[in-house]
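Below, chain A partners chain B and then partners chain C, in two separate complexes.
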Partner chain A sequence: MTPLALAWRTTVRYRARAILAIVGVAVIGALLFDMLLLSRGLLVSFARLLNAEGFDVRIVATQGLTRLPIPDSAALAQAVRAVPGVADVVAIRAESADVRTDRGSRRVTLVGRSGTNANPWRLVRGPGLTDAASPAACEAVVDRAFPSAFGADVGAQIQVTALPSGQSALPAIGCRIVGIADFGFSASGEHTVATTMAALQRAMGDTREGDAEVILVSTAAGAEREAIVRAIGRLRPDVRAYSNADVVEQFDRNGFAYFRQISVVLSTLTTAFAFLLVATLLTVSINQRLGEIAVLRALGIARQRIARMLFWESALLVGVGALAALPLGGVLAVGLDRLLRQMPGLPEGLHFFVFEPRALVVHLAVFGVTAAASAAYPIWLAARLPIAETLRREIVG
Partner chain B sequence: MVAAAALLTLAMLQASPAILVSRQLAARAHLKVGDEVTLATEPNGGRTATFRVTGVYEPTPDPMRFTAQRIEARLHLPDLIALAADPRDPASAEAIGAINVALTDPSGARAFANDVASTVPTVVVRPAADMREGDVFAVIDRFHVAISIVTVVGATAFLLALMLIRAEERRETIAVLRLIGISQRSLLASVAVEGLVIATAGAIFGVALALASERLVNAYFQARYDTALVFIRVTAPLALRSVAVAAPLGVVAGIAASWTLLRRNILSLFRR
Partner chain C sequence: MTPADPERRPPIVDVQHASRIFPMTAGPVAALRDVTLSVHSGEYVAITGPSGCGKSTLLHLVGCVDTPTSGAVLFEGRDVAALSEGDRSRIRLTRIGFVFQRFFLLPMLTAAENIELPQSEAGAPLSDRRLRTRTLLEYVGLSDRADHLPSQLSGGEMQRIAIARALANRPALLVADEPTGELDEATGDHVADLFDRVHADGTAILLVTHNPTLAARASRRLTMASGSILPC
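On to the complex of A and B.
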């Protein structure tokens, strides 16, 4: 009989304790798996959101990503358009606004964007903004939840009152909904209304087009983004240009530290916990079966085979538990992600727990090492077992 | 004497206004008390004013900004307005971002906030200690509780497995005890007490471990982020809560593990 078969028989013989040990490893393993998903989840999710917008470089007024008006942004956007390798440029400005429909009035984020072929949102229904529309007309693209919340769908007319500093006596302007879109960075529970920069200017009562807070740049295929970032820096030294990779790096450095730290701490603790508990279970189990092992040795079964059998016992407990941890961890991750996404102001598309193949590889590697380490002490105990003395003690006992 | 006093007054009037700088700014810019600094509000160095450093302060730890470098300075409000107000907008010299209010009776903060909010409906008034349902830290708190529940479930499974092994080990002892007339109830009580002792001892050890590592963890993160923020604090209610959760679980694990053994026929316990 092979050591694996022997280990299997032992596990089946003591099935109650084996099942409990597997349940314990599975629960702890699920937590470890989730911490691995959390360790880079926000970062991966944030990078996906950025890349999904279709723009590779963003220009802001100051260091960091605080939204302040970029002085003379229209001229800058025009200049950036001429930089070699630049495919499209969109200037964005956001203000608070009240939208009034038959269902009443609610606060929204009003986004204005300069004329362009590309949009920083994904249109799901309707024709979208047409920049050829008359300057007096106001077209609006709204978020997916807007129609049910406001009772206004594509083609409906809404009244928009801009609120430059939280409150306003500005007159409302009428806008026609021309599209429903997904706004990647729109916070859950909040609504977004996007329109042209000209319409936003009218809503704000400005005499001239206001300065944008961010300019998004998409690059042509094969263009070197870092070179474009440098070129923008030379054009206007007073503004900051960041590639998506720079933004992700900044997010990693500043906004993400807490969850990375907690995932490292909890991963380490859960691994140590799993190791301690499996090692304790196996050791106690071996102590209980010393007589049995001494008999096997007396029958001529080599020390090495006993050691391999104990290793397989550990591998069965930890392995089955680690595999069961994957679906369990998946379900737990969905619940924990939903819980964390209750944070106010979080973009709807941002997730804390994101699956990556590397998380699976690390999870299995950690449990492989844990199984081997947990079996080490029981194997050492069994290997140095004095056969005759143990048998005598068992019989006398 | 009069002339000296007049000169001193003149010197004081001409002296640069006072400014406090954060410890981090002082370290980075090599500033010390008495130094003169020039602040500019425009990126190109325009609109400047000169101040004299009169102190270095430790910024109030802010959990929302613990990863940020606290490169900060504190000015008297009129000095800040003179420096930063928009000359094209006369109203900007009258506007401030927030007003902090210290109450003689802090317990009346909510009532005070309601009073002010109803009197001046255009401002947001909020007690400083108020933690709303959707607040970041309320959510993180719930996240920690969820993780601790998962850990407790895993630990319970292991405890149950250990207690099962212990019960199996004592199969014959239990048989003998039942043969000599010890009731099942007494035996059940004894395993319950054993489970209680093991779980309570484990929880106390856990609390002691947390207490021992508290300073280490705080020191590491405080050095890592250059902040005075306290990251871990083991409090008495927290310690009591962990013992209160662990103890009943130990009792349940002890009873559950021994239950089948106690219900079995005595002879079967002797493997007869």
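On to the complex of A and C.
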């Protein structure tokens, strides 16, 4: 009979202890798994959002991605388009606006984009913006929740009033909905209406082309992004160009460091609890079975075999618990994510808990080490057990 | 080899002026004092004496689970105290069979698996283990209880399984500590009959017991008192 088989029989024999340990490890493991998902979740989710737009480089007016107009953005966009390796360039500007339909008026984010047909949103229905439309016409792409909220779907006409400084007496312009899209960075519960830069300017009452706040650049396959970033810097030293990796790194250093730190602290605590739980249960179990172990030793069963048996016992308890922790942690993560995403102003596509294979590997590795560490003390107890004294105590007891 | 004339053969175990002192908080306690004893192949030795006279301590020295504070225990000519724990473990596994008062069968294993465990540890091939286990179950008259857990066996049955387990690796010496101590008289007699049979089949036996009927079956009877073997 192998040490694993002996460990299995022991686990089955002491069922209550095993269930207690497995449930404990599963609960603690679920928390640990969630901490691992949280530790990089926002960062991964943010990177996915950035990459999902299909643009590799973004140009802003100042350091830190704050929303300020880029002076002479149209000329800059034109110049960037000529940089070798650049596939497409889109200038973006966002303003507040009121949208009026038969159901009344509500506040939205009005996005204008200039450039080609490349869009920083994912069209799910409708033909989308057609740049060939007449300059006087206003086409609009709206978010998924828009039709039910405003009672206006593709083909419907809406009245858009721009609110450049919160309040405005600008006249409304009529726009026709030509598409439903997912806007990755739209805040949950808020609505987005995207149109051409020209239409946005008309809504703003501008006669000249206004300055964009962000210029998005997509690079050709095989192009070196960092070289493009450097080339843009040379074109206009007063603006900042960031690759997506730069943006993610910047957020990692600043905005997300807090989540990482808190998850490291909580992960360490949960691992310590798992270790204490299993080590205590195994130690108590060994103390209850000292006679049994002394008999095994008296029969000539080698210390190593007993050590391996105890290790497998620990591995079975921790292993089953750690595996059970995965679906439990997954369900918990979904619930917590839903709760946290209710925070106002968060982009709808942003998630706090994001699964990565790396999290699974770390989870299993941490519990592998926990299983070995938890078994260490009971193994030491069993290995140095005085056989004769224990047998005598068992008889007298 | 027969039990006849055992003194001419080298002893399986030779206890030479062994003492065993246990350090206690209230002061050291001498459980054994200058004990000398040899058990030869094929012998059947019974040790009797009052509780606390050192019988079990002597048995533990003979069984290589303990070493003397002074003096020596030679097992088949090797000084047990000088051996590594691994070597002592190997001797216990292959040369000594243990029978305990409280049976100490592993509760999570069936009767057959309890008998198979020492053979598995000794590296016996599976087919040999299965055959030997079947033979031993027949030997102790419990073939029909092979797949029962210890909790499903009576005291007498558990002790018979424990004897089968002790014989699993064909030991030179069977040591038994109060093997009938937990059994009623009739069941104890059955177990005693089994010991007679084991002895008749050539295995040396050293047992300690309070049971005079069991002791009377031995070919040599010794009495202990206050940590010493009394002169015959």
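To be clear about the criterion, the second predicted complex is superposed on the first by the 396 of 397 C-alpha atoms of A that agree within 3 Å, B and C clash if a C-alpha of one lies under 4 Å from a C-alpha of the other, contacts with A are read in each partner's own complex, and residues count from 1 in each chain.
Keep this in mind: a residue touches a chain if its C-beta (ideal position, glycine included) is under 8 Å from a C-beta of that chain, and two chains touch if they have at least 3 such contacts.
These numbers were taken from a predicted model, which means no experiment stands behind them.
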First (chain B), second (chain C), both or neither touched by A:9: second
Contacts of A:206 with chain B and chain C, given as first, second, both or neither: neither
A:224 touches, of chain B and chain C: first, second, both or neither? neither
Partner chain in contact with A:292 - chain B first, chain C second, else both or neither: second
Partner chain(s) touched by A:339 [first = chain B, second = chain C, both, neither]: first
Between chain B and chain C, more extensive residue contact with chain A: B
Partner chain(s) touched by A:301 [first = chain B, second = chain C, both, neither]: second
Doubly contacted residues of chain A, that is, touched by chain B and again by chain C: none
Residues of chain A defined as touching chain C within the complex: 1, 6, 9-10, 12-13, 291-292, 295-303, 305, 387-388, 391-392, 394-395
Complex contact set, residues of chain A against chain B: 16-17, 20-21, 23-24, 27-28, 30-31, 62, 166-167, 238, 253-255, 257-258, 261, 266, 270, 273, 277, 280-281, 284-285, 288, 332, 335-336, 339-340, 342-344
Complex interface listing, chain C residues touching chain A: 56-57, 60, 63, 65-66, 85-86, 89-94, 96, 98, 100-102, 104, 106-109, 113, 116-118, 120-122, 165, 177-178
Footprint of chain A on chain B - complex, ascending: 43-44, 66-68, 122, 134-136, 139-140, 142-143, 146-147, 150-151, 153-155, 157-158, 160-162, 164-166, 168-169, 221, 225
